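One chain, chain A, appears in both complexes that follow, with chain B as partner in the first and chain C in the second.
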Partner chain A sequence: MEGEVILSLQGVTKRFGSMEALSRVSLSLGRGQTLGLIGPNGSGKTTLINVVSGLLYADAGTLSFLGRRINGMSPHRRSHLGINRTFQIPHPFHGLTVRENVDIALLFGRKGRRTDMDQAAEDILKLTGLSDQSGQMASSLNTGQKKMLDLAKALATEPKVLLVDELAAGLNAAETDVVANLLNQVKKSVEGMVIVEHVMNFIRKVTEDVAVLDAGRVIFSGKFADAVSDPKVMEVYLGTKGSP
Partner chain B sequence: MNFRKVFLADRRMLARDAGIMVLPLALLFLLGPMLFANQGLFMELAIYVMLADALNIVYGFTGYLPFGFGVFFAVGAYGTAILVAFHGWPVALAILAGALFSALLSLLFTPLLRLSGAYFAIASLAAFEAVYLIFSNSSLTSVTGGPYGISFTSVYAPNLDYAVAAVLAVVSALTVLAVSGSSFGIALKAIREDRFAVELAGVNSLKYRTYAWLISSFLSGVAGGLYGWYLGFFYPEAVFSLTDFSVLVIVFVLFGGRGTVFGPLIGVAVLFAVYEFLTLYFSNLVLIIFGVLLVLLILFIPNGIMEQVTRLGRLLFRPEEGE
Partner chain C sequence: MSLFVDAFVTSMLYAAFFSLAALGLNLVFGVMRIVNLAHGEFLVMGSYLAIALAIHYGFNPVLSLAVVVPLFFAIGLLLYYPLVPRLQRSDDPEMSSFILFFGVSFAMEGLAVQFFGNNYQEMNYALFRPLHLNLLNSTVPTAWVVTAAVSVAAIVAVYLYLYRTGLGLKTRALMINRDEAMANGVNINRVSAVAFGFSIALAAAAGSFSSLISYPTSPSIGDTFTLISFAIIIIGALGNPLATVLGAVVFAYAYGYTDIYLPNWSSIVPFIILIAVILARPQGLLGRKAREF
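Here is the complex of A and B:
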C-alpha cells in the first residue's frame, strides 16, 4: 500500500450524552492515499470529520497527524498544521464576498503570508468554478456553489490532508462527474484525502480504498471491490438504503 | 511592511472613504457649537461617536454584544478622575492611564469571551453591576470618592476638552475605517459570520476577539476620561449609566448599521439629535420611545439604515443592479 501513515485514529470514541457516535474507531491514512468513508446516515461520518478537524474533541483514543498527537489542539492550529475540511452543510461567510471568503483562508490559513495572493485566489476560484462569482456576496450563491466555496476556502489553506463531507450529495449524474473529476484533480495537491460520501457509485470514481462505518464502528476497511461483496457491509449498508 | 497584506481594501478607496468621513465630522464639530450655541451638546456627540465606534468594533465586527460594555466608559472616567484628583496627574496622562485601566479590566473579563450570544450579553451586564458596586462603595470613599462622587474641577478647561474630544472622535472613526479595511478587520467579520468555519480558515478566533475587545474597551475608556474631564465632578451613577452609555449606544449602532464604517456615525448623528429633541419636550417618554425603537430596529431593519440607503442608492443610480 501507500507509504508512511500521515493521519491516524486509534480507538477514538465520541459520545453525545449516552450515545456513542464513534466507538473505538481506528483508521489510518497513508501518504498519497485517498480514503472513501462510507456508511448509512447517522453512522458517524460527519462526527469523525469534526473530531479530526477539531470542531469536536474526542472523549477517548488518540488522534495523530504527521506523528504528533493532536487530540486537544484547536481547529485553527490543526488548520495551520495542514488539516482542513468541507462541511456537509456548507459554512460560507455569508456577509462577505466570495473573494473575501477565499482571501481570509489565504491570509490566515498558513503560517507565513504569501505574496502572490491575487494569483492564488484566482487559481482557486477558477478550479472550483467560482471565478464569475468572485465579487458576489457568499449569501447569494446556490447550495452547490456554497459547497464549492467551502472547498475553495479549504484549498486556500494549502491542506496536507483534506476531509470532504458529502460534496456530491444532491447533485445530478453530470454534476457528480464534474465533482469527481475535481476531487481527482485536488488529490494531486494534497498528501491525503478522506472523502465521505453516501453514494457508493461516487466513491468508486475517486478511490479504491474504503472504510465503512456503521453505528459509530468501522465494520470494513479495504478495497472497494471487496466491500461490495462483504456480507456485513451489504447487510448494514445496502439493507438500509437499497441498491448502491 | 507590505500595504497589500495588511490592507485588503484598495488604497484609493480607503483614502476616499477617509475623506468622506473626516470632512462632515470636522464641519459638524467646528460649526455645530456656533450654530446651536451649545458646545456641551457637541461634546456629548463626540463622546457618542467614540462609544459607537468602540461598540462597533466588538459588536459590529465580531458579532458579540456586550450589553454592559458601558463599564469601560465608567472605569475610564473614574481612572482619569482618581489620578487627577487624588494623585495630581496631568489630565492628558490621566486619560491615557484611565483608558489603559479600562483595557486591563477588559483583559480580566476575557473569560467572558468564551461565552456565546445571550450568555455573553448577560455576563457583561453582571460585570457592569459588580464594578459599579465597587466604585460606589462607601468603604472605598478615600480611593474612589465612593457614593459621594469625585471632583477634579482644578483641570476644568471647557474649550480644550471639547477640541481634544472632537479630534479623538475623528481619530476613532478613522480607526474603524482602518480596521474595516485590514486583514484584521476581515478576520473579525468572518468570526461574526461563522465562528466555527473561521477557525478552519486558520483564524485564532479567541485571540482576535480579545484584540477587538481590548481596542473597544480602550476607546470606551478614552471617551469616559474625556467625559469625566468635561463634567469636572460626577456621582457614580452619572458614568455608570446603563441606559446612557450602553443601551443608547447600542440603539445608535443598530440604527446606523453595525459592522459598517459609516453606519454608527450616521446612527449617532441622527438619533442623538432625536434624543436631545425628545428630552427637551417629552423627557419622561424618551426611554419608552427608545425602547420601542430598539425593538422595531431589531425586528425590521436588523442591518441598519445604511443597508437600506445603499440599496436605495443602487436602485436609483444603477437600476440594472437593483434587486
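Here is the complex of A and C:
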C-alpha cells in the first residue's frame, strides 16, 4: 500500500550541453509503492536513475529522500542513506568472485558493520539464484547471471528504495517471469522501488503504478491500465495520427 | 659466462628498484585514471630529502624512510583534494591530467633548481658496510642489494594493502569499476586520496635510493624517471599496480643485457620492446583487455 512520500523529485532538470535530458521532472514515490518508469529510448529514464542515485547531479530542481534534501550528495552517501540501484548494463567487479562482489556491497554499502555477513550473503545469493556460482569469478557469468549479481549487490546494501534499470532487457519470456517473481519478492524487503523497463508485460507483472517519460518530460503518471489508453502515451509509442 | 651472470644479477636488482619507482604511477592510474607526469619530480624531491638527511643527520636511506614516507604521503593527501577531484569532473580527465601534471612537473623542476642548484648530488656508498656483497657469484654494491630489498618490501606492503585490507578491497573495486564502487557505498574521494598519498610516498621512497643505484640526483633527472616508469607500466599493464613488477623485470633485463653486450643500444632496446608491446598487446603483458575509455 502507498503511504507517505519517501522519495520526491520536484522540477528536476538535467542538461548535457544544450540538450535537456530531464526537463522539470516532478515525481514521488510513496512508502510501499513500486513505480514503473517507462518511455521510449532516449526519454531520460536511465538519466533519472543516475540523478537519483547520485552518479549525475541535477542542474535544477529538488530531490528529497525521507524528507531530506539529497541534491549534491555523493553516491556512496546516498547508498548509506538507503538508495541503491542496478545498472542497465551490469559491470560486476570482474576480478572478484560472485561472493566477493556481494561482500563489497555488504561491507561498504551501508553504515555499520554486519555481524551476520555469511548468512546475509548466502540469503541474497539464494534469492537471486546465484548460490551455485558463489565461488565463480564474476567475469565467467552469463548476461542474465550478471544482472542477477547486480541485483544481489544492490540488495546487499539493504536499500530502502531500490532503483532497477532494465533488469528484464535481453531476457527471454521464461527468464522475464522469473525476474518479475523475484522483484515481487524483493518488494517485501524494501520501502519503495522504481523500475525502469521497456518490456510492458514485465511492468504489468510487477506494478500498476507507472510514469511515462518522453524527451525528458513526464507525460503521464497514474495506473498502467489508464496509460495504455492515454492519447499522449499512445502518440509516443504508436506515432501521431496520419504518420507513416 | 661471468658477464652473463653479472648482467642477470644487476638486472634483477634494477628490476626491483624500477618496480618501486613505477608502482605509484600505476596505482594512481588504476584508481583515478589520471597520469601523473610529475611522478619523477616527486621521486627527485624524495631523493633530495634523503640526501639532506644523510648529510646533516647521518641517516642512511633506510632510516630516512621513516621521515620521507609519512611526509610525502601527507603531501600527496594535501595535493589530492585541490587537484584531482577537479580533474575528474572535466570532460577528459586523462588528457587534462597530462596537461596539469606536465605543468606541475615543470614547476617542481624549477623549484628544485632554485633550492638545490643544477649540480648532481648523490648519497655516499660508504653508508653501507661491507661495500660489496657476493650474490650468485657476482659482486655487487651492498647499496644496490639494500635498495632492491627495500623495493621488494614496499611491493609486498602494497600487495598486502590491496589484498588484505578493507581499504585495499575498496581500492580494487574502484579500479575495476568506478560507478559500481560508488553505488556499493565506496567513498571514492577518500580511497583515491589515500592511493594518491601512497603513490607520492612510493615515488619518494624510490627517490631515497635512486642516487645509490647509478642515478645521481639533479632537478632534471625526474623526467627520466617519469619516462622509465611510464614505459614500465605500459609494458606490464596500465592500471594494474602489481603488473608493474613484470614491466620492470622486462625493462630492467632489456636494459641490463644490452648494457653489457651492446652498450650503445642500452637506452634504445627497452623502448623498442615498449613499442612492440604496444603494437602486439596494447593492454600490456598482464592486461585483461584493451583499456576502456
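Everything below uses one rule, namely that the second predicted complex is superposed on the first by the 236 of 244 C-alpha atoms of A that agree within 3 Å, B and C clash if a C-alpha of one lies under 4 Å from a C-alpha of the other, contacts with A are read in each partner's own complex, and residues count from 1 in each chain.
Rule of thumb we're sticking to: a residue touches a chain if its C-beta (ideal position, glycine included) is under 8 Å from a C-beta of that chain, and two chains touch if they have at least 3 such contacts.
None of these values were measured; they are calculated from a predicted model.
Annotation for the three-chain superposition on chain A: chain B and chain C clash.
Using the contact criterion defined above for the overlaid structures, shared-chain residue A:L213 touches neither chain B nor chain C, since it reaches no partner. Of the two partner chains placed by superposition, only chain B is touched by A:M117; chain C is not. Of the two partner chains, neither chain B nor chain C is touched by A:L149. In the superposed model, A:A105 makes contact with both chain B and chain C. Greater residue coverage of chain A by touch, when chain B is weighed against chain C, goes to B. When the two structures are aligned on the shared chain, A:H80 is found in touch with chain B and with chain C. Clashing C-alpha atoms with chain C appear in just one stretch of chain B from the list 20-28, 38-46 or 308-316: 38-46. Once both structures are placed on chain A, chain A residues 53-55, 74-76, 79-80, 84-85, 87, 91-96, 103-105, 107-110, 153-154, 157 are touched by chain B and, in the other complex, by chain C.
Listed in rising order, the residues of chain A touching chain C in the complex are 53-55, 74-76, 79-80, 84-85, 87, 91-96, 103-105, 107-110, 153-154, 157.
Those residues of chain C lying in contact with chain A across their complex are 166, 169-170, 172-173, 176-177, 179-189, 288.
On the side of chain B, the complex with chain A involves touching residues 2, 4-5, 8, 183, 186-187, 189-190, 192-194, 196-205, 259. Taken together, the chain A residues at the contact with chain B in this complex read 53-55, 74-76, 79-80, 84-85, 87, 91-96, 100-101, 103-105, 107-110, 113, 115, 117, 150, 153-154, 156-157.
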